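In the part that follows, the structures are each spelled out as structure tokens.
In the two assemblies presented below, chain A is common to both, partnered first by chain B and then by chain C.
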Partner chain A sequence: MQSTSDYNRKRFRMGIWFITPALLILLTVLAYPIIASFVLSFQRIRFAGNGLSHQFIGLNNYAELISNQLFRESLFRSVYFTVMEVIAVSVLALLVALMLNTPLGRHAFFRVVLLVPWALAPVANAVLWKWIFNTNYGVLNAILIGLNIIDKPIVWLGSPWLALNMILIADVWKAIPFIALLLLAGLQSIPPHLYKAARLDGANTWQQFVHVTLPGLKTTIVISIVLQSIWALKVFDLIYVLTHGSPADSTVLLNYLSWRETFSNLDIGYGAAIANVLFVIMFILALLYIRALRPRQVKEKRSGTK
Partner chain B sequence: MNQKTVNISRRNFLKLAGMSAAGLTMGNFLASCTPKETGPVTLNVLVPAAPDPAPPGVAKFSEEAFAKWQTDHNATVVYEAPPWPQLHDKMAANFASGQYVHDVMYNCGWVPEFASYLVDFVDKLPADLIADLPKSSFSTVTWDGKRLGVVFTLSLLTLFYNTELLQKAGITAPPKNWDELKNMAKELTGGGQYGWVLNYGAPEGIGGVASYWMTFLQQAGGKVYNDQGEPAFNNDRGVSALQTMVDLMPYTDPGSISYVGINDATNVFTAGNAAMMMNWPFMLKPASDPASSKVVGKIGTAILPSGPVTSASIDGTDAYTIAKNSPNPDLARQLIEFYLDKEVQKRQVLDTGWLPIRLSVLNDPEVQAAAPNAAVILEQANYPYDSFVTPDYNEVTTTIGVEIQKALAGSQSAAEAIQSASDQVTEIVKKRQ
Partner chain C sequence: MALNRRYLNRFFIRFGLVTFTLLALGPVLWGVVTSLFPLSSLTSRPPDLNPVNLTIENYILVFDTSRGLFSGLINSFIIAFFTSAVALAVGSAAAYALARLNMPGSNLILMMILATQMFPGIVIAIPLFLVMSRLDLVDTHFGLIMVYLSFILPIVIWILKGFFESVPMELERAAAVDGATPLQTFQFVVLPISLPPLFATGVFAFIESWNEFFFAIILTRINVKTAPIAIAEFSGQYTTLYGQMLASAVLASIPVVILAIIFRRFILEGFVEGAIKA
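On to the complex of A and B.
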């Protein structure tokens, strides 16, 4: 008769065989491009004849990154964009989740409406906002002029910081639904008896929110912050459709810069180096995400008696 | 209780999976060993989607002739027609892969960039066809002495103006020089309407803000490069060209700085909200469509105003090229000959608005009647229209365009912008060498 350890070893080996096809696909689709990108970033690549010519140049692409003003400015803008988006989405999504967690908010209609921005394809979303922000025909200017808030149209995408923040608004709008649903799930997992107990102890609505809701949502909030950071760093479609990096490169963020260097300027090695910087930042965030997902160990407080 | 159960052991499951995989592999192998029937030859063609210049089969013209051509040549033409902004990236990715993807490709200012992947086929075109093409049309598709493409539409920027708005302001003729342009733009601005509109939102490429500045630069008698290929625009010609654009800004539709595509600016003109703009010849067709234009019958065209030296323009450089790794280069060349056929070229202008490149067709009375701007384009072609294309055209125009945008926004002077652009382009040129 087989021992338990023999059986477990056999089971483990069989498991490896079963996950091998999926692993191979993951290695091909994920690992190969990532490794190839790192290899490319150490090369100067030129279009020549049938294919590409490769010249190993060590860390020159990374040295050029560090000394390049546009890269530094894009990095700064990407950090700004990410921080502002995370704050805006977290606050607004939490408000939406709190509203949805009320008796009226639980109606399916509101959840369906909430999903509309999230369901829009990214490019469709960008085209929609391009028309909303249009100087002459956009609905935003039309509403503000109609309400006498402004007396002439504003060129929303015409000045550097304004254009960047309008792109931010468009991305926040699209991001809120998913995070709101994530937070709603978190809210619904908070035991109701905690709120009862708090009310019995005389806590008002704000105190219940601070001392029951927020602690109960802590893990979900951390997860949504990390996820949102990763998504904000990746923004591309809005920039491509709305501004093409203009005006004067003021809306060029890291992902867009990587694309431009690679496909527009055909400096593939340099573009790969930018992409790898972005990859490292997102990898660190992904590690934080995985850490946040780990089950919490409940620490039992000694009450003085065993 | 009677229960029907199916027991699949791990061993049986793995046997079944292995047999299925072997069966599939064998099937594919046998299929590849089967001799292929001789059928139509497939030509894969990459072109932009309409309304950008597209051939029969993508744009709606000469459909019967196109079907007949395919039948007569035992060929099937398969188009890939993405939106224009995606073309460069697609070609870059295709060429980088080293794989055959397309036989014929549309090119727009990228011929020097992709020169090593293209066939110099022009010398094999019929002599009467070559003689019927403007000699200058080959300047943007020639690199290292090889003619690697053929331009198929005479597409130069010219001036479009709203005749009604000019008439209301008491202006009897379009501007002939920079001073008149600025004065008229000023006169025509007011009451929510502007004298000038253009798309300054995208810095790069043909039709980006850098290329518009190149128009003014040539009007000032300037050039982007000297004979050694070094930047040669950091001088009073380069600065005055940009200064003219800056001087026009108070009379330019404010949204211009944010319009990425020419269509954004065209919409303002065809809505009657701007009096003048530079545009490509095709614009006349949509602007004359009552369904989308409020200025039908009120559009005038003229050559671009002269700077201190001359009138000048830039070439849209819309060309067809053949890939070096095409398995059917002769058939691909014959397809391009079809696109340049006189009757096809005539239908191109009559049905789509894109002017022909063949001089005999441009001078056809029917074409001149249907495309009143044809005569203006022919006249514009008498003046310089260099697009200064180089292998790093995108990088150069992005660099220059960004500095121009800063000057147009008022964050630096024209002189500072030109100096900064020149310094950066010098570095780019060093990399090129």
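On to the complex of A and C.
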């Protein structure tokens, strides 16, 4: 039999050993680059001979950002894209989740159906929609012409706003499954007796939805909105495959712009500055996510059950 | 009247479920069909989907070594496998320390880990690219695996922490009373009963690394091009070869879609519910 304090000391020492490798990896590949990214954004970086020349230029990269029209447009488009994606996905995913929570929809088949778009590689998703949106051979034009909705093929990815919205559709399609699964998990955690009580009080289906379902889903909805905003701000694969930012840079969003400035135009400091703007936006969203998680934790602890 | 309403409701739900299934699977099925027919039968109006036209020609053509898909699949496998293996080994230890070993500041560490999910990849990609070019790590398996750990490891720790917390405390106390050291408790009591969730988390990590595109496009050149890069190249360079483009997408998606379906219970319980539980 060992003494408690001895045992606890052993546990503590083991904890240090157990957590150190993970912390070392995360410091190298996360903490260091995040700090370095801010340092880089205060520099002008040029290719000189074999290496890079760094020159400190203070806030010049950020000043350039604010005065740059493409940056302002990209920021606006990113916000538009994110808001639209969040609204479309939340509504549609809630609809899907409600349907899958009915006796008919509980069949495992529908869960499998949901997992297919989720597991699909984002790039596979992108080439799939590139083919569907194809002007001459695409199935979208074929269907619309077949139904006599349009009489000649539409160049879906050829005009500015249309192209952006088509990318949005492809992104929404891919994002719905995960959010629907989140909401479904949330729906299933609402105690059935609440519905029973509401029915006894004479609430109809709609009233039950408004007064029982929505309040019960509040945390889940907040979390899914934050997660989606983050994903929508990061969209890259779809733009890369579908349009490369064309036509006339009208589908360039922040993440894509940062990548292009850094790795195509080799303006590394400027690219890092854009990345940091994105970082700050997402960090605020991350804080919201953590806040949304917290109160629930407290509530659960207080009630003493799961 | 109540009966009518019920009938109507059921009709709407059925209609909704059918629409949902069509919209979710339709695009995917159309992609599969495209990869299995010659372009001429797809572009005729209406499409001529007579089974006699079925062909695997596209699949044979995409495996031509010059197209990079075959080596891409192998690279993706190597990278996804090692990323998941390292993430599991390192992550399970860290998760256990955070869940059960009373680490000081463990809440702070957890919140930081959670926050990493929100970082845009580009923020870490730029500095890492510069460092890795200097160390000759660009276009190596090792380099990409390290970078993938930056987003896989935090998720793995987060999911596993949840599982370890659900292991009954009594089991661990009993082991301690019997004289087991904390390490023995972890090794012989906690780990064995956590094998299924560990494996499922590994599958999840595998899928995420297999599908990754953004870091791969920045940190690979020729040698370690992954499958997603090869697919993107099909859509860029060979713009008219739609059948092959889709065939490569199907080939790269089959393994992960099958994994997701087989392990759907774990993915739903572990990851999806993990995201909404603190």
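In the analysis below, the second predicted complex is superposed on the first by the 278 of 306 C-alpha atoms of A that agree within 3 Å, B and C clash if a C-alpha of one lies under 4 Å from a C-alpha of the other, contacts with A are read in each partner's own complex, and residues count from 1 in each chain.
Just so we're on the same page, contacts are C-beta pairs under 8 Å (C-beta built on N, C-alpha and C of every residue); 3 or more make two chains touch, one makes a residue touch a chain.
Source: prediction; values computed, not measured.
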If we overlay the two complexes on their shared chain A, which of chain B and chain C does A:Trp173 touch? Say first, second, both or neither. second
Larger residue footprint on chain A, choosing between chain B and chain C, goes to C
Does the superposition put A:Gln207 against chain B (first), chain C (second), both, or neither? neither
First (chain B), second (chain C), both or neither: which does A:Asn134 touch? both
Taking the superposition as given, does A:Ala163 touch the first partner, chain B, the second, chain C, both, or neither? first
Partner chain(s) touched by A:Ser258 [first = chain B, second = chain C, both, neither]: second
May I ask you to decide whether A:Ile268 touches chain B, chain C, both, or neither, giving the answer as first, second, both or neither? both
After lining up the shared chain so the two structures overlap, which partner does A:Asn276 touch, if you call chain B first and chain C second: first, second, both or neither? second
Quick check on the superposed pair: does A:Gln55 touch chain B, chain C, both, or neither? Answer first, second, both or neither. neither
Mind sorting out which residues of chain A both chain B and chain C touch, each in its own complex? 14, 17, 52, 134, 136-137, 263, 268
Sort out for me which residues of chain B touch chain A in the complex. 10, 14, 88-89, 92-93, 95-98, 113-114, 116-117, 201-204, 253-255, 257-258, 260, 264, 267-268, 271, 273, 324-325, 392, 394-395, 398, 402-403, 405-406, 409, 411
Sites on chain C touched by chain A in the complex: 9-10, 13-14, 16-17, 20-21, 23-25, 27-28, 30-31, 34, 39, 42-43, 45-47, 90-91, 93-94, 96-98, 101-103, 109, 111, 113-131, 146-147, 149-150, 153-154, 157, 176, 179, 181-183, 186, 207, 210-211, 213-214, 217-218, 227-228, 231-232, 234-236, 242, 245-246, 249-250, 252-253, 256-257, 259-261, 264, 267-268, 272-273, 275-278
Seen from chain A, its contact residues with chain C in the complex are 1-2, 7-8, 10-12, 14-19, 21-23, 25-26, 28-30, 32-34, 36-37, 40, 52, 95-96, 99, 102, 104-105, 110-124, 126-132, 134, 136-137, 139, 142, 146, 173, 176-178, 181-182, 185-186, 205, 219-220, 223, 227, 230, 233-234, 236-237, 240-241, 255, 258-259, 262-263, 268, 271-272, 274-276, 278-279, 282-283, 285-287, 289-290, 293-294, 296-297
Touching residues (chain side chain A, partner chain B) in the complex: 14, 17, 47-52, 133-137, 153, 155-160, 163, 242-249, 260, 263-268
